[in-house]
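We just call them A, B, C and D in the order they show up, numbering each chain from 1.
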Amino acid sequence: MDKTISSVAEAVADIPDDADVMIGGFGGSGAPIELIHALIDRFRATGSPKNLTVINNNAGNGFIGIAAMIKAGMVKKMVCSFPRSSNAEAFNEKFLAGEIELDLVPQGTLAERIRAAGAGIPAFYTPTSFGTELAEGKPTEEFDGKMYVRERWLKADFALIKGEKGDVVGNMTYRMAARNFNPLMAMAAEKTIAQVAELVETRSIDPQQVVTPGIFVDAIVQVSEPEQEEVLVRTGVVY
Amino acid sequence: MSNFNIMEDKLSNAQIAWRAAQDIDDGSYVNLGIGFPEMIAKFQPEGRDVTYHTENGVLGFGKAPAEGEEDWDLINAGKKAITLNPGASFFHHADSFAMVRGGHLDLAVLGAYQVAPNGDLANWRVGSKGVPAVGGAMDLVHGAKRVAVVTDHITKKGEPKLVEQCTFPLTGVGCVTRVYTSLAVLDVSEGKFILREKLPAISMDELQAVTGATLHIDGDVADLTVPENLK
Amino acid sequence: MSNFNIMEDKLSNAQIAWRAAQDIDDGSYVNLGIGFPEMIAKFQPEGRDVTYHTENGVLGFGKAPAEGEEDWDLINAGKKAITLNPGASFFHHADSFAMVRGGHLDLAVLGAYQVAPNGDLANWRVGSKGVPAVGGAMDLVHGAKRVAVVTDHITKKGEPKLVEQCTFPLTGVGCVTRVYTSLAVLDVSEGKFILREKLPAISMDELQAVTGATLHIDGDVADLTVPENLK
Amino acid sequence: MDKTISSVAEAVADIPDDADVMIGGFGGSGAPIELIHALIDRFRATGSPKNLTVINNNAGNGFIGIAAMIKAGMVKKMVCSFPRSSNAEAFNEKFLAGEIELDLVPQGTLAERIRAAGAGIPAFYTPTSFGTELAEGKPTEEFDGKMYVRERWLKADFALIKGEKGDVVGNMTYRMAARNFNPLMAMAAEKTIAQVAELVETRSIDPQQVVTPGIFVDAIVQVSEPEQEEVLVRTGVVY
């Protein structure tokens, strides 16, 4: 079993129009920038994939990554908890112009819905958002005297994630806080595509240190010196 | 009538396990239930790279260690000592059952007391006496892309285990997709047992006679054969 | 009337943060919301061992690194670079919010647009214009053993932020347990604001006049004082 | 902050009668034998704690650990998935004599209910046990054409867990498959008491390798050469 893909272009080659795509990362850490840019390259060359629904905590910053996807016009809808931030003009402009949809989900609920999808739990109850406008239309229920909102799992067709070390069968580790949503999204997508800084040819990651077991990963590609979203945003890089 | 003698001519458990093993795909993730299904790993065809999952939090385990070499922190769900294959990983029970329920396993194989054509499975208890124990069986029947059963075709008393409706307490409803018995291989689809293979020596009538539910034919019925040297 | 001038005599944000920091217990696990609440860590009293949690999967972080020393894989929920204290740990987002919702944090401190005596909090948006963003605020208000708010007592326009009923969109219902304002410290309990401390220079009448909900007294009202050298 | 306790006896000293106690381990691995035995010692010396509800995957084997608790008469009820096994006479005899209660829970549901308790999720839906006698009386619901059973979180007053390495603030790692239920139970109990083979005095566990963050652990005690349940059962040791 060898899940290795030789290039980021090849890794994202079969993502079709209208796909739901989870993209790992939180703020400036853990975003699979090279996979995202490979997807943008494909869109620029072929016009596809378009009409994507992108699931991420944020909605892109600066002029790279998800912001560049939005700017390029590939994204129909964002599912996220925090689209508004100091460098989020790409999303903001499209949103205020009514050119992109937004499904706003509280951060912990977003994480739990993704985890639930990966764990075969179609719905769960959470106290989060009860009594707020984000719970409108959702079933509620009282347990032990407290009110809760019922939330559904959140699945995707693809997940693009970023790890630190990976092996040929897809076992992965993450670097510090770049872990964030990546291990959850790996579980929740029909097909998970991972980029790792170091791809070990042998199956030699310590089994006790594996964070994402290979069963959750379908394709893995090495990007030896990955770009850091935060650095790209701060230096004003445009993709 | 042929001169088929069911008690003498049916497949042994090892032979059933061998047949089931032929359908384990290269590159697949598989959970083999405790007991009889575990035997399937022994017959995994050469050249196929299969990753075995066990409920207690190990992916990628290998053969049992030699006696005296056991590390009792390295066991499977049947509490038997195991070894690790390269590429293995450890995780806690919630992540382990996320793999099960979440649809990440390609195949789960379980034993059975009874299977019905609607896919219902009874394999966890036969009555209300004694101490009940369910373990992971009720979880394993959900989520895996294919849920197969390995079983003798009939009980020791000669009663059919493939039945129109399970009478023993259910493990899961509508979950079984394929059955490997001591006489035949059947798919479970759209409320029917569809016969795919049978021992060449048994006639259709004889097979139907020891089956408690209607056998359906959809295309060819192949010969169920096993290696001659395997007993 | 006293000669209290609210715009000149109220506490600064740093002073409010200092006061809130005095109530952070030794050995506690604390989440400080993005922005103003983050300032509280700076005033953590000497000798207290406090573990700070951030939503993006870090427990036990310390001060910001020197400029140029940032590692952008080591950030907090406000996307600011952080450092680690000894005993830190990393985990994914679901485990991080398990800590939040699961009641494992001793204290969460947030900012506020409005707080009501029933514990309702509005702090995530002021209207329907612009791009909404919620982040982890709706999660943080649930689960922590104590949910405190730090806020100016009034808005820049002079309107009360402590109100009988929140008019801005809610972040959570019945969640706030204590409020630290630029004029007072109040507990939120049984549907009431209970005044615990107020600036010595402001009279009860003056304080009530700039508060949009009834202030209740239950026992002594202490003087709200901050270090003289802290501005 | 120092959560270190100097002895197992002291660690379990405040578990009262009628408590719900989660005990980590699966089969012969990961059971905190020394903590359990310290609890039995206390019961023998003082008659307390009694009427315990014990939550574990199994119901004890041989004559040690949970089996010895049951034999000693401390346990009112077992919540578990697999009480029946080759060396489970202690439970079997009491159960068949009607002297102990049993709440039988499918293994994956048990794990998820414990995890839900730790995560503040009061209820969730699972396909497991739908249409079986173990789902009788439970709410069911259809999602996307499939039927699911609603299950509640499972909390406890105390958790007794076993780890490999721990530090003074309660960060922990586990040894191979001895991980099993231990990290979940750590999250789900009001008070979690851990025994570890190695207790490092400094806070020096690699933050990326921590499996149970210290926030989930209240007391930690070193048991340098812990007994292995499987070995004790196989050698017929009686406690």
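By our rule, a residue touches a chain if its C-beta (ideal position, glycine included) is under 8 Å from a C-beta of that chain, and two chains touch if they have at least 3 such contacts.
Going by UniProt, the chains are A, D = 3-oxoadipate CoA-transferase, alpha subunit; B, C = 3-oxoadipate CoA-transferase beta subunit.
Just so we're clear, the structure is a prediction, and the values are computed from it rather than from any experiment.
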{"item": "Touching chain C and also chain D, the following chains", "value": "A"}
{"item": "Furthest chain, CA centroid comparison against chain B", "value": "C"}
{"item": "Rounded Å distance between chain B and chain C, as computed from the means of their C-alpha atoms", "value": "57"}
{"item": "Interchain centroid distance [CA atoms averaged], chain A/chain C, Å", "value": "30"}
{"item": "Distance from chain D to chain A - Cα centre to Cα centre, in angstrom", "value": "35"}
{"item": "Two or more partner chains touched - positions in chain C", "value": "58, 90-91, 94, 97, 100-101, 142-143"}
{"item": "Per-residue overlap in chain D, given as positions that touch at least 2 other chains", "value": "112, 115, 119-121, 126-127, 174-176, 207-208"}
{"item": "Complete list of chain pairs which touch one another", "value": "A-B, A-C, A-D, B-D, C-D"}
{"item": "Interface residues, chain A side, partner chain B - complex", "value": "1, 115, 117-121, 167-169, 171, 187, 202-205, 207-208, 210, 213-216"}
{"item": "Residue ranges of chain D touching chain B (in the complex, touch as defined)", "value": "26-30, 57, 81-85, 88, 91-92, 95-96, 102, 104-112, 114-115, 126-134, 147, 174-184, 211, 228-231"}
{"item": "Interfacial residue positions of chain B with respect to chain A in the complex", "value": "26-27, 29, 49, 51, 53, 58-60, 84-91, 94-95, 97-105, 142-143"}
{"item": "Residues on chain A engaged by chain D in the complex (per definition of touch)", "value": "112, 116, 119-127, 141, 143-144, 146, 148, 152, 173-176, 207-209"}
{"item": "Contact footprint of chain D on chain B as seen in their complex", "value": "55-58, 71-75, 77, 79, 90-94, 96-97, 100-101, 120, 130-139, 142-143, 169-173"}
